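Two complexes come next, and they have one chain in common, chain A, joined by chain B in the first and chain C in the second.
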Partner chain A sequence: MERVLGDKRAILILLGPALLVYSLIMLVPIVWSLGYTVLDGNPIVGFTFNGFDNFIKFFQDPAAFSAIWFTVRFAIVMTVLQVGAGFGLSLLYVFWLKRSSSAIRTIIFFPIVLPTVAVALLFQRLFEAAPTTGPVNSFLNLFGIDSVDWFGTPDASFWILLLMGLWQSMGFYGVLLYAGLLDIPEEMLESARLDGAGGWKLIRTIVLPLSLPVLLSSLIFSINGTLKVFDSVVALTNGGPGNATTPLTVYMFQTSFTYGQYGYGSTIALMLTILCLIFTIFIFRSTRRDVTKG
Partner chain B sequence: MTTQTTPLPRVTTPHTGTGPVPRNRKVSPKQFVSRLPIRILLAILLIIVVYPMLWMLLGSFKTQNEFLNEPFWALPQTWSLDNYVSVFDSGFGTYIVNSIIVVFPSLAVILIVGVAAGFALEVMVWKGRGTVLLLFLAGIMVPTQMIILPLFTIYFRTGLTGSYWPMILTYIATGLPLTVFMMATFFRSVPREIFEASTLDGASILRSFWAVGLPLVKNAIFTVGLVQFFFLWNDLLIALTFTNSDALRTIQVGLLNFTGQYGAVQYGPTFAAIAVNVLGTLFIYLFLNQQVMKGLTAGSVKG
Partner chain C sequence: MITAPNSRLRRRAPLVAALGAGALLLTACGPAGGGGSADNGTFTYLGQTENTTIIGTLTSLSTDQCAAEEKAAPLTADKSAGPQFDQKLQLLAGQDALSNMSMAAGTPSLMQQFIDADQVVDLSAELAELGVADKILPAAESTIKALYGEDTLYSLPTEFNIEGFWYNKEILAANGIEAPATWDDLVAAAEILDGAGVQPFSAAGKDGWPITRLVGDYIARDLGPDALKAVADGDAKLTDPEYVKAADEVAALGEAGYFGEAIGSIDYNASINEFLTGKAAFFYMGSWALANFNDEAQNTIGADNIGFAPFPAVDGGQGSIDQVPANVGVPVMFAKKGFGENQAAWLKCIVSNYGDAVLNESGVVSGFALDNPPADLPETTQIVQQQIQDAPSSILWFEALFTSKGTSVSQTNGGGLASGSISGAEFMKLVQAANDEG
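Showing the complex of A and B:
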């Protein structure tokens, strides 16, 4: 038994190809990219060693600072909105719609499968102010509010990115959290109701603590996705106006491919990786403390 | 949200089965009114989710003139396919073919290689498998930005730049971690006794994998395949990095550059291009929505 389940040759045949491809195209480049952070140049003009200049430059670069600021701000607000809206939807599914919610769950879920580029181009038209007035501005006009130039100001662009993200992902988080809520034993809710807990109180005292594990994994998943936001920014605002909506991912892309600075680009990529790690650990830590407390 | 205004309805019959809940046909006026806010909320939600798609579809039939001079809710005056014709005239067909050429071979390799690796990591017993699984996990966390620059150098030096290979190879590598991890999870739910029994019957482990393991996780492979398909088909970053000519553009890169080709926005063709782009995934979702929902949510829980 041991001999068969531990057959070295079989392990090599089954695992070998995956491990080989993964190592060559993922692990080696990760280490290689770390090496780039102390270099200057690109593969076409060649590289020169420049020590820690890239890191010094990064911490003095106003564009990098603004990219970090945007990335963090976007990730936090988007995560709160996504998971919050998802949780609201899941409560709606479980407590109001009950088992008849299947069709509605399926419909609200679908935007997540759409290509972000397509959604972004559509949202550009939905929120258009000129030369044609898009549905959103027409709707605002209906209430006597002037058309908003959504792509002209930093704040409005920020919000339109959030709205689009929310439109695409709320159904996804709704289903994700719904699965978690279904695991709460019905008897527990029932006995809480008999004790007089209802509405907000029931949610706060029973539902929220019991769905904490799935909420936690949603938060981690969401923050990791939103810190890496790329498609929607490139397609919707292209980082503008100016560089007001440029996250680290897009800044890294521009630095590397528009300006050919591979060393500095790798430094930005490394900073992004570190940022993801910090946020993941932070969420883990903070929730663990809460669990032990209550 | 509206939670403050509507109290939670009491569950009178604890319904734990999977059958349909017996509906109370007689709805008193009071009940109707108390359910009204939730119905309005639902209606608004559904409109917000569905309307953009409807608007896109209608818009794809409109002329430039209709866009500029008619309000947004006006229906198209004719149902002509002119916009679609102009989309395909501008080379959109090539983009779709390119996407198919890079996505499906990548998907096939990811599944074959990833399922085998998941089996070796979960069912087989050997030293160091925990470490290897962790190694694959790291690949889920690390942003793709970390690998594209060295890969660009590698492909440039090996002369692969300018072909489909950079995209295919990168897709395989980035798709593997999640596939391996999900497959390992699925193999974990298969009772070990099954493999031990087939081993006692004299089957080699490769035979057990092929004849016993694979059929058991058939549905799981399909689900993982669906998830990976959406990731690859919708990818922009890798496609944008490794397409250096118009001839290589995937459907996403093609769409991104679509509006840029003209000075002023050509509304009709843009809408038609979006519609063509969206229809593929929408069509799959129409028929396989339950598997897609299961797969996408399962793929995220491990984060």
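Showing the complex of A and C:
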């Protein structure tokens, strides 16, 4: 094996095709897209160089700011909920359900394997107000409460998006964190218990610090996934009502392919990349600091 | 033992692998096959999935009047979902791979890009050459020209629609209401109906455009038929108080709850269903909905029970109730690339026969001249024909002269006006800002 990996030609043969494919379908479009940020136009009317106009436009565009605000708000709330619920579930699996948790784990994990569009249709029907009344509104009607137009109200749409995302993903984070919790030595927990630590104190002083690495990995997973949310928004609300639930990804897509502004769309994409980078660096730095402390 | 050829082979392996992978990727990146951009002996058509009338009529023509053209270049149809149709056209046009004939871009400004890029056939010249220029109704032709701001024809009017308020005669009679002639009459009628527990209007708030149509029509009635052109030309702004007034009037209907509950969730089909099952008194829509009105399975209130009222006049307004909001539905265009003898033959056959075929088979009024009009047309279809005949001039819809972004922002926020969640001033500010961006 060492001989094979020491052979430069072997490395080239093993790595070359994959690297080429990766370069052609990932790196080339990224560089290409970067080039578009200083251009105006689209393939039909042609492109003209416009310097930094797209960037100036971005910082003066109220729709872009509203998209950033939605993206950041959604990403932070969703990450807290996803990882929080996942951690809660993992504690449930390890400390209460113990060996009998596998059935529950499977059931709660199940939604993540469903296609997002199917889940979105399910939630549309659940919260439907018209033309037919969905189960949630029917339930409200039972208590004499009027039907709520969930998808016609900005705040309600936001929370339903969160609810859908949470339902779909908390099982995944539950399993991820469960695997982390299993690594905590039983003896350590036992000795903590003998020292009188129990319940919340045990979690706060032993479980939480020891599961910090996997918890922070989950945070990075979650924040990067939620900053780039696209399919669930398009399938559930399509950015509406108005542009109340339009994240940067959807705004970028609309700008490029509906409004035919490839240059400005690429600028939005670059800004989204920078946003993801900032969040990731921020979390990575916290990881380093916290792990050394823990 | 390593032989010399083997060693050469090994040296070349990465190169071969690289070339192979590259070729594979380039194949995948190329234009999708079957775009039919060359005159390769087929006649390709791309339409919206939701519109089954055009492809149905073309198929029927291909077996009858256009059988010879079908034999020379068989009709090959493809479809794409309506909401993403403009995106699809943009991508195809970007690769110079438009179908021979396709439904035109829904946004006129995108169509103008195709015209500027010389991608679509100048039909005025082509029809004159083919000797069938007189087969297009002058009113439809002028509507298309106004739409694209061009002096020549770049698309064919497969529909010629008028828009206005369709109403349920029984409901109006039961509440002592007559077809409204002025906006104040309409608001008063809505108040009476609402008080009587009847939902005054059915509208697709989810789609937005049936609401913004009301804003555009109000502007035309109040400020005159050229008011929206003045906005497009930069001589006026939607945020000017006289324009905001129109959006405020529509928002007031929404605030009063006249569009019913959960208007933001009602889509096009649901709004038609509400009206045709007697759940609402008024329904603003184009005459393309006649196909639904004349379908007994959908229409439980009866086709005879439906009346038509033009968009009402506004007291003291500069527009007239006779100026009918008109459009050509989604017209069809012909790609310049691959337009050869076979395609010209199809064009001639379609222009000569489509009008009669679509009216006979689907009851749709098109912008083509008729040779054999059917004797027994449904009453609603006759109303439409009469209105078209009597109208001295027509007006375009609210977003007709907007940019792609302006159109999209207007339609995605239109539902907010009907639910009362956005004020007229806020709405106009958003749309004007989107249009200013260009």
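FYI, the second predicted complex is superposed on the first by the 277 of 294 C-alpha atoms of A that agree within 3 Å, B and C clash if a C-alpha of one lies under 4 Å from a C-alpha of the other, contacts with A are read in each partner's own complex, and residues count from 1 in each chain.
The rule we apply is simple: contacts are C-beta pairs under 8 Å (C-beta built on N, C-alpha and C of every residue); 3 or more make two chains touch, one makes a residue touch a chain.
For clarity, every value in this text was computed on a predicted model and none was experimentally measured.
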First (chain B), second (chain C), both or neither touched by A:243: second
First, second, both or neither for A:270, with chain B first and chain C second: first
Partner chain(s) touched by A:254 [first = chain B, second = chain C, both, neither]: second
First, second, both or neither for A:211, with chain B first and chain C second: neither
Partner chain(s) touched by A:36 [first = chain B, second = chain C, both, neither]: first
Partner chain in contact with A:106 - chain B first, chain C second, else both or neither: first
Partner chain(s) touched by A:54 [first = chain B, second = chain C, both, neither]: neither
Contacts of A:231 with chain B and chain C, given as first, second, both or neither: first
Which superposed partner A:25 touches (first chain B, second chain C, both, neither): both
Common interface positions of chain A, toward chain B and toward chain C: 13, 17, 21, 24-25, 43-44, 131, 257
Interfacial residue positions of chain C with respect to chain A in the complex: 10-11, 13-14, 17-18, 20-22, 25, 86-87, 90-91, 93-95, 110, 113-114, 116-117, 119, 205-206, 260-266, 270, 273-274, 403-405, 408-409, 412-413, 415-416, 419, 421-422, 430, 433-434, 437
In the complex with chain C, residue positions of chain A that touch it: 9, 12-13, 16-17, 20-21, 24-25, 42-46, 57, 61-63, 128-131, 146-147, 149, 151-154, 239-243, 254-255, 257-261
Chain A residues within the chain B interface of the complex: 1-2, 4-8, 10-11, 13-15, 17-19, 21-22, 24-30, 32-33, 36, 43-44, 88, 91-92, 95-96, 98-100, 104-118, 121-123, 125-126, 131-135, 138, 167, 171-172, 175-176, 179, 186-187, 189-190, 193, 198-200, 202-203, 214, 217-218, 220-221, 224, 227-228, 230-231, 234-235, 249, 252-253, 256-257, 262, 265-266, 268-270, 272-273, 276-277, 280
Chain B - residues contacting chain A, complex: 1, 3-4, 6-11, 14-16, 20-21, 38, 41-42, 45-46, 48-52, 55-56, 59, 67-68, 71-73, 109, 113-114, 116-117, 119-121, 123-126, 132, 135-136, 139, 141-154, 156-157, 169-170, 172-174, 176-177, 180, 195-196, 199-200, 204-206, 209, 230, 233-234, 236-237, 240-241, 251-252, 255-256, 258-259, 267, 270-271, 273-274, 277-278, 281-282, 284-285, 289-290, 292-293, 296-297, 300-303
